[in-house]
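Read from first to last, the chains carry the letters A, B, C and D; within each, the first residue is number 1.
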Amino acid sequence: MASDNQDDLVNSSDPLHPANLIPELCRSFYNLGWVTGTGGGICIRTGDKVFIAPSGVQKERILPSHIFVLPFPQPDLSPHTDRVFLRRPALNLKESACTPLFWNSFDLRDAGSCIHTHSQHAVMATLLWPGAVFTISHQQMIKGVRVSGTGRSLSYLDTLVLPIIENTPNEEDLKDSMAEAMINYPEAAGVLVRRHGVYVWGTDWEKAKTQTECLDYLFEIGVKMKLAGLPTVLNEPL
Amino acid sequence: MASDNQDDLVNSSDPLHPANLIPELCRSFYNLGWVTGTGGGICIRTGDKVFIAPSGVQKERILPSHIFVLPFPQPDLSPHTDRVFLRRPALNLKESACTPLFWNSFDLRDAGSCIHTHSQHAVMATLLWPGAVFTISHQQMIKGVRVSGTGRSLSYLDTLVLPIIENTPNEEDLKDSMAEAMINYPEAAGVLVRRHGVYVWGTDWEKAKTQTECLDYLFEIGVKMKLAGLPTVLNEPL
Amino acid sequence: MASDNQDDLVNSSDPLHPANLIPELCRSFYNLGWVTGTGGGICIRTGDKVFIAPSGVQKERILPSHIFVLPFPQPDLSPHTDRVFLRRPALNLKESACTPLFWNSFDLRDAGSCIHTHSQHAVMATLLWPGAVFTISHQQMIKGVRVSGTGRSLSYLDTLVLPIIENTPNEEDLKDSMAEAMINYPEAAGVLVRRHGVYVWGTDWEKAKTQTECLDYLFEIGVKMKLAGLPTVLNEPL
Amino acid sequence: MASDNQDDLVNSSDPLHPANLIPELCRSFYNLGWVTGTGGGICIRTGDKVFIAPSGVQKERILPSHIFVLPFPQPDLSPHTDRVFLRRPALNLKESACTPLFWNSFDLRDAGSCIHTHSQHAVMATLLWPGAVFTISHQQMIKGVRVSGTGRSLSYLDTLVLPIIENTPNEEDLKDSMAEAMINYPEAAGVLVRRHGVYVWGTDWEKAKTQTECLDYLFEIGVKMKLAGLPTVLNEPL
């Protein structure tokens, strides 16, 4: 019966239920090249419940029955503590290694969803912007990017500034440097990870997804401009 | 009952009804990378009715019930005037910010449809052609481009000339410079907006769409040629 | 009744019937970027009947009822002669402007199908190979290319040589220079048209399609190699 | 009856049956550009049975009835020996020319599946890494690559090293040099073939597929980095 209750958490005929949305969105992200080779993913939080995909599986073939459900908040999410679950899949699966990183977006931004991609545009941006930030100005798409923690978006006259943190051998070890970047750049809509990818959040899955699309577009055009020898920032230096 | 009548405007089993076509075409444009991150869109005018998608939503997930219907002509479409509607969606949505720009195509070209994309090929073209026009010659695809306001298309021997206007912080403020470009280039099939995208129109949705495809193809090959050091115009200077 | 008979030529529940295959293949070619903006297409010949798509329509939205059927051979196919039809669509459509070019493949190669694309890889190849031929060697994909008029394919040690003809303002005017190239290069699997695209044929639609895929792959990799400064032919000069 | 028994080997309502998976996966690989023009493919081994696609057919249109089933092991698989079959398709088809190469993965790695692609990223990698190996370091995606013959994956601090063998006119003649490379690089997750593509295996089809995705991602980003003048290996020289 406890088991039945657990499965109720991921059984829904509503296509917008998180347990149905995560598989659908992951298929779409796979087709965009964001989550190939089992990397990347998306989590959705609805109030006190967090829905998370498993680790190390083909992201375009996830089923609702594969989804983990965790209570929010968690007693302790440091890497070496056992997490508390409302539901674990029957299969021998492990929750996404991104879990502590996703949690940063809940704790520090009150996010309702967080997306992690291995997009090649994001990775190339971290290689061609070797410093601590990715910056671009004078692109219409900048207007689509939210000023995190506010209800507004950037203006066309704003320069987009996104922090870049250095990658670590264990994904969980990114938790502290990602949190630090989020505190140092309180308005940033996401955090790039050098030679790895990007984390982007939003108040709900729609915003997380459209934010990821806007940023990925800006990484792509920024990389193209840099390779074409075009300046990517026209504003005064920051 | 008034409400029932309003919904009748977007309820149709005909897949070619504008309220069904707009969602379908936006999904297709999303897959082409033209309208990611909620940007871009399409409007369709059938005589005295204009069908327009909402602003700030995921363009690949629009439903017929999300569509706005406006009467054509409008008493006044200046940015600060309230528009007149035949139908507004029940949801808390706002009509596309492109509305005044789309209206340019109706007023100045008697268009039946207008498409706005954020295609990266269009944006790169505006960066690599820093002047007031994008030009390319000697491409078969030029033959697919209409001479606006006439029943004919360009010939293979014609040079395609498309005006480029400068972007503005508010999309609505593009209205006047776009209109000016359309008047100065009466035969142009569309207007590029620097660092932003392109507006393309046609006498109906098919023509607007195939015109957008032809122009996007020419932006893409033009950018490739420019980056490869190949001349993009072989004709005499204009 | 005559009309009924005509429609029988394009009404079939068999998905492999030419009137069903042409729409399906054109959708697939559209997604590959080969036939956007109404350009390009495919024809299929089954013995004494030729099935051809209309001109100037969206190639991903063709229906079986749009297909023209012509008898083969034709009394005279010179551009200014009226063609003979077994079936014309009820709509106000015109047969593809490629018809005389497709006919070259029937007359000179006894082809069962011919494909015309505006692939950007083909066009870039004609720009980066400014002479009369596209050549590439030492690519596994060369083994997929047929030696036209024989039952065999090229070997890995063969250099692929494909003639390039100059474009003309009217598509029909390519007929003679295409025929000349086919005669001068009797083993060529297709003919490139500078700044335009490529014509590729095969004994049936499968072979025409897989030949087009092989050649398009070779145009794409050849262009990438050329832009990267890599030699594209390792063999002795021809 | 023998014939009925043979067809039972490829008749299943289970979408995960090898005879259903191979057609589905080949369609997906076609859309990724890995198996166009009839090249490339996948085989699946379930214990003592090997399922293999036919040679020279459109890989996106394979049906379960086209699949060959061979017993494993085979008495002798040298190129000039007749192979033993549990099932041959009724059509006039030949088993994939990759068969002896696939067999290497069974014999030397106890693989459950092997994938062969003509991916342009793989081919470009073999051209831009002219030596005997492809190497890349400091990419998150490296963590997705298995250390062949072990239960573990590479770490972020490891340099990926993949052997490159020279192409031969006959695909079967790659068997010995591929086997030699597998012996010399016992931990390699695949073998690149210069100017041709890549072979990648796994303990089952999921692992073979995700390994191929990880490696293809690394070929793509490696090629981009090389063309952008970025170093692809930061570690000490091997």
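In this text, a residue touches a chain if its C-beta (ideal position, glycine included) is under 8 Å from a C-beta of that chain, and two chains touch if they have at least 3 such contacts.
The shown structure was predicted, so the numbers you read here are calculated from the model rather than taken from an experiment.
Touch-path distance (fewest steps) from chain B to chain D is 2.
Rounded to the nearest 5, the angle that brings the Cα atoms of chain A onto chain B is 90°. With centres computed as the average of Cα coordinates, no chain lies farther from chain C than A. Although chain B and chain C share one sequence, what matters here is the overlap of their interface residues, and that overlap falls short of half of the numbers used.
Here the CA centre of chain C is 32 Å from the CA centre of chain D. Under the contact definition stated at the top, not a single residue of chain C touches 2 or more other chains.
Shown here, the protein chains touch around one cycle, each chain meeting exactly two partners.
By the definition of touch given earlier, these chain pairs are in contact: A-B, A-D, B-C, C-D. The touching residues of chain D, when paired with chain C in their complex, are 36-39, 58, 118, 120, 123-124, 127-128, 167-169, 193, 195-197, 227.
In the complex of the two chains, the chain B residues touching chain C come out as 138-141, 144, 155-157, 206, 209-211, 213-214, 216-217, 220-221, 224-225, 228, 230.
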